[in-house]
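Next, two complexes with chain A in common: one pairs it with chain B, the other with chain C.
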Partner chain A sequence: MIPGNRDTRDGILFSLPFLVVFFFFMVYPLLFGLYISFFKWNILSSPTFIGWKNYVDLFRDAKFYSSLLHTLEFVVITTPILLLLGFAMALVVTGKSPMAGLLETVFFIPYIFSMTVVATLWAWIMQKDFGIINQAILLLGGQRIGWLTDEKYAMWSVCIATFWWTAGFNMVLFTAGIKQIPQEVYESAEIDGANSWQRMTHITIPLVAPTTVLCLILQVIASFNVFGQVYVMTGGGPAGSTRVLIQYIYETGFQYFRMGYSAAMSYVLFVIMLIVSVAQYAVLGKRKEA
Partner chain B sequence: MKKRIVFVFVLLLTIGILFAQPAQETSSSDKPVELTFWSLFTGGDGEFFDAMIKEFNESQNEVKMVNSMVKFDDYYTKLTTALAAKTAPDVVVCHQANLLNYVPNGSFLALDQYIDKTTLDDFQQEPLNACRFDGKLYSLPLDVHPIVFYYNKDILKEAGITTLPSSAEDFIKDSQIIKEKTGKWGMLVDNTTGTYKAYTLTRLFFSMMKQEGGSFLTSDNKKANFNNEKGVAALNFLKDTVNTYKINPDQLDYDAAMNQFKLGEGAFYFNGVWATGTLETVKGLNFGAAPLPAFFGKEDWAWAGSHTLAIPTQKNQDPKKVQAAVKFIEWMTAHGELWAKAGHIPTRKSVAAKDSFKALPYRADYVGAAQYAMPSPSTAAWNEIYGTSSDLLEAAVTKNQDTKTALANMEKVVNEIISKY
Partner chain C sequence: MRKISSYHRRKTIRTGLLCILDILIILIWLFPLAWLFITSLKLEQDVVSRSFSFWPEHPTWYNYTKAFTSTYILKWLLNSLFVSVLTTILTILVDTPIAYAFAKIRFKGRNVLFWIVMAGMMVPFQVLIVPLYLQFNSYGLINSLVAAVLPRVAFPIGIFIMKQFFQDIPDALEEAAFIDGANRWTIFRKIILPLGKASITTVVILSFINAWNDFLWPLIVINDNIKYTITVGVANFQGTQGTQYSLIMAGAAIASLPQIIFFLIFRKQIIEGIAMSGIKG
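Presenting the complex of A and B:
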């Protein structure tokens, strides 16, 4: 603290531009969303107050539940696999391989592509009649698989595209976590006769636990928010079997013009995610201090 | 001292920039009125539409139309938000089926006072009346685009089929012959969601209901009306082509159906007239086009959409811009033969009579379909009904569900949806 400087005043002034934008584009819409969820509103006319009706309706809406289920399906499939993939990639990248630097770039590059580009690309690769995956299968003498048009595979296909796209982000987090582990710990373990597998399971994994917890919480939140890849690759199909909750929220608000109902569903999703995140932090955060 | 001079200089410069103005333009009377338009037309449609705008701009000096293309999926979201903020462009295109989302809340100007009677009479009355609400006209139809019937002439020749099938039984019989003699698919109707929903499947279902003398919803649009023998006949046909007779591929999405036809893998393809423009560009594809046949009954009713041009209400409506917008809309509809190059059917009788229109291949073959064009039911619930029915019909066809159960379930769901609006 330098005497004579008015740090508080300067601090506020510097943060002001961001805070203004943050308030108008994040805080205000958040509060407005809650407000409008108690109304019936088709965007272009004035809203009508209907109290809790939107919430009551959504708890009786079969499509709400099926969409929530599809989102949960996505979360359950992608979270463990993305953590594992990120961790495995980080191990390779922090290891002794001469290709480590190149691989780090290769693993991370997919993450910088926009969601639409990735989804469109994968949609064509997995296309049933003309996509290259099926062309390769045909060449090997097999039958075409409806990656995106068969209910058995559609969700997994979207997940696979997601793995390719976002695993790199987890890799970066885990790499930072692994690099924080002091080399001496590894060296003393090696002297004591631990092989690389034991070093990984008894040193790396426990010491990287804070990163794992962080990654887990972020990954769960991100997976709950899934919309883009599913919408572009399968449109929620086949026959609505991959429609995730955010897609239903979007359709209800912007295609069916029922903004109040859409806002109510967003808030229910928000509460669900809040509970999950807090629970994760409470359970896993404590272990960090033990 | 120096610092202070620099500071004052920078301050003056900044203030100067804040108050800077562009050079005064020439007096507004010689400048053409500039209008903005948002186009949802992409691909082939987009190119033809842009060419029309270019010709409009070149044909006169009073109005200049500036067009910007919006990705089709985002168009209505962007339009809705712009209308809510009253920052919409001067002219917009709006599908007839979506007019009901915008007209009741006053988003579009009523056009009755701006268009003279001779112009109005030149329009085909069915599509024009579909743009009227409470007796007032809110947009002018640029085209009518029904589902039509495309057929591969080479495959038919190889299979020895000389007359086109018209009834449902004919289609099944002919497709089976085609399968035997050529190994190709008879029918190409989409039945699953890919990038797009299985639009054709759902639209065929609506069309068949009307062909049978029924309708998808009751005439007041308050209840589902397809859980009866008519619905059963239609759904059975759509299901059986895939599962029983195997003359239509399973798990076929919209893009795949189009591609199969382009590659000459199927004989009978059903899609909207907008496909004509793309199909024409495929080398070696020897195809024909005809209005949708009456699978059931005698009348060739076919679901049809319609692109209409409307003028959004603005906070400060400029009468000069409104006049210019009307002039633009009238010119575009009067030159429908240019738009017909994309495959669409023009809505003005004067256009259909032009030699340049009659000379266009294929379009002349199905221009008669405009008579039996069936618009979507006029209800605010329509988007949700359409999307949900599409999912349910897809499931019924691809999973070969029991027809009566599937229809009963669909009726329950559709009625529930209607009750929410």
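Presenting the complex of A and C:
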């Protein structure tokens, strides 16, 4: 297109710095990790090749199953609620509320705090003996609840902290989606006598669908990657009832130094996430065409 | 007449109720943050006392001075600053040229390369932690801040955002510069970078925030208390200081101050950046 250019040479030169980084810290470790997963590999002794043994062991490891289950539990609880919360916030923020602008900032604010701050704060709020929630319950004449120390509540408590922390992120995506809907569509619907509920169900929700799909995919990936909140708030407890898969991967690799086993586990998680993502694309993509 | 005024009155009442509802929502949503601050101003004996009091009886900055003197919190903040700034600079240095190449240079294999890079977005970081650790171990870089930086530099989302933006810069500008004898490098510096400023700002902000909030990788790769980033330091506060809630909350407040300032300055760009990465990603 441009005369006398050297596109191939320039293309390579401009791509090269990134490709070097990409190779060293993405492609190579990805392949190296797969390689490690076929070895009995700890830092002290020399690695021995053991074939599929790590993977075979994994499928007999009760702790692996329970960690996987807790991760899935977290995904299943947080995904729909965070999507709904984000959407509801976006409706408020784009609506006629007198303080819409302020609300947008307020809903978003928790997201700017780092995970460790949010997790330590909520661990304190939900603390059994002196936490403000239990103090309020006592004042109302109730009994203390072990938000983080009772197996019944611990996972939900972590989820609640997560809702508060990240709902604002989804709100931003939904708000951007809603703002892209042309105002005329709403105006003509109003002229035709559609009430606000009908406008939401017949205009906003269908037209914001691409954003919903995007949010859903991002949220599922983010929820599968849960680790920090759990690690800080409950440490995986009580009695391992909130230990998620990444925590188990971390413990196996960096506390027990079973690198091969840890790598095998992370590959299984990767494959599960790939399958879920591909399934989402397939199902949601099909629906969009219909 | 009367009908209109009753309509107006209904409307005023509705607006008033909405206002009250809004204020209520705002108070509830911000309460945890207020509670963080209130706790940090209390003395520990008032915090873990059987008689509950909401406000601090003797407001004090004691926990703040103690956080600074008995922990490395200032060092952790500086470490995080170092990690985030270096990550951001390196990210921009390597990401902008390839984003330009993907957007404007028609070289062989461009599309294949682009999809390979984008596939990198699908790789969850935890798949890389064991091999990366062994890699850095063999380079002798374990327990160094540089190790916390390098794996975060490959940032495919940033490339995507900038590529989308650079594509919209008219080809005519480049062609005119070519005719005037400019080469690619000059065009990149003199035309693409200035005109692509908005997207570059977005990537700067996103990569800075990501680096600042990173937890799992610095937790693994850094062992010395004094080398912790702020996220790891705060998470380990309990371990090093026992469980002193008022002190922990003061630490959390100090740790958050840079982010609050960052947010106040870049509020618009941060929110737009997320919306942009969402819509186009």
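Note that the second predicted complex is superposed on the first by the 268 of 290 C-alpha atoms of A that agree within 3 Å, B and C clash if a C-alpha of one lies under 4 Å from a C-alpha of the other, contacts with A are read in each partner's own complex, and residues count from 1 in each chain.
Basically, a residue touches a chain if its C-beta (ideal position, glycine included) is under 8 Å from a C-beta of that chain, and two chains touch if they have at least 3 such contacts.
Only a predicted model underlies this, so the values are computations on that prediction, with no experimental measurement involved.
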Item to complete: Once the structures are superposed on A, label A:A239 by its partner contacts, choosing first (chain B), second (chain C), both or neither.
Response: first
Discussion item. If we overlay the two complexes on their shared chain A, which of chain B and chain C does A:F254 touch? Say first, second, both or neither.
Written reply: both
Worksheet item: Is A:D57 contacted by the first partner chain B, the second partner chain C, both or neither?
Response: first
Discussion item. Taking the superposition on A as described, I'd like to know which of chain B and chain C A:S15 touches: first, second, both or neither.
Written reply: second
Practice prompt. Identify the partner contact of A:S45: answer first if only chain B is touched, second if only chain C is, both if each is, neither if none is.
Written response: first
Discussion item. Tell me the contact category for A:F130 with respect to chain B and chain C: first, second, both or neither.
Written reply: both
Item to complete: Please work out whether A:D150 is in contact with chain B alone, chain C alone, both, or neither, and reply first, second, both or neither.
Response: first
Worksheet item: On chain A, which partner's contacts cover more residues, chain B's or chain C's?
Response: C
Response to the item:
Both partners, chain B and chain C, contact chain A at residues 43, 127, 129-130, 232, 254
Worksheet item: Can you name the residues of chain A that touch chain B in the complex?
Response: 42-45, 57, 63, 123, 127-130, 146, 148-150, 232, 234-240, 251-252, 254-258, 261
Discussion item. Quick check on the complex: what are the chain A residues that touch chain C?
Written reply: 1-5, 7-8, 10-15, 17-22, 24-26, 28-30, 32-33, 36, 43, 92, 97-99, 102-110, 112-117, 119-122, 124-125, 127, 129-130, 132, 135, 138-139, 164, 169, 172-173, 175-177, 180, 211, 214-215, 218, 221, 224-225, 227-228, 231-232, 246, 249-250, 253-254, 259, 262-263, 266-267, 269-270, 273-274, 277
Worksheet item: Tell me, which parts of chain C touch chain A in their complex?
Response: 15, 18-19, 22-23, 25-26, 29-30, 32-33, 35-36, 39, 47-49, 52, 90, 93-95, 97-98, 100-102, 105-108, 110, 113, 117, 120, 122-135, 137, 150-151, 153-154, 159, 171, 174-175, 178, 184, 188, 209, 212-213, 215-216, 219-220, 230-232, 234-235, 237-238, 245, 248-249, 252, 255-256, 259-260, 262-263, 267, 270-271, 274-275, 278-279, 281
Worksheet item: Which residues of chain B touch chain A in the complex?
Response: 76-77, 80-81, 83-84, 101-102, 104-105, 107, 192-197, 251-253, 255-256, 259-260, 380-381, 383-384, 387-388, 391-392, 394-395, 398-399, 420
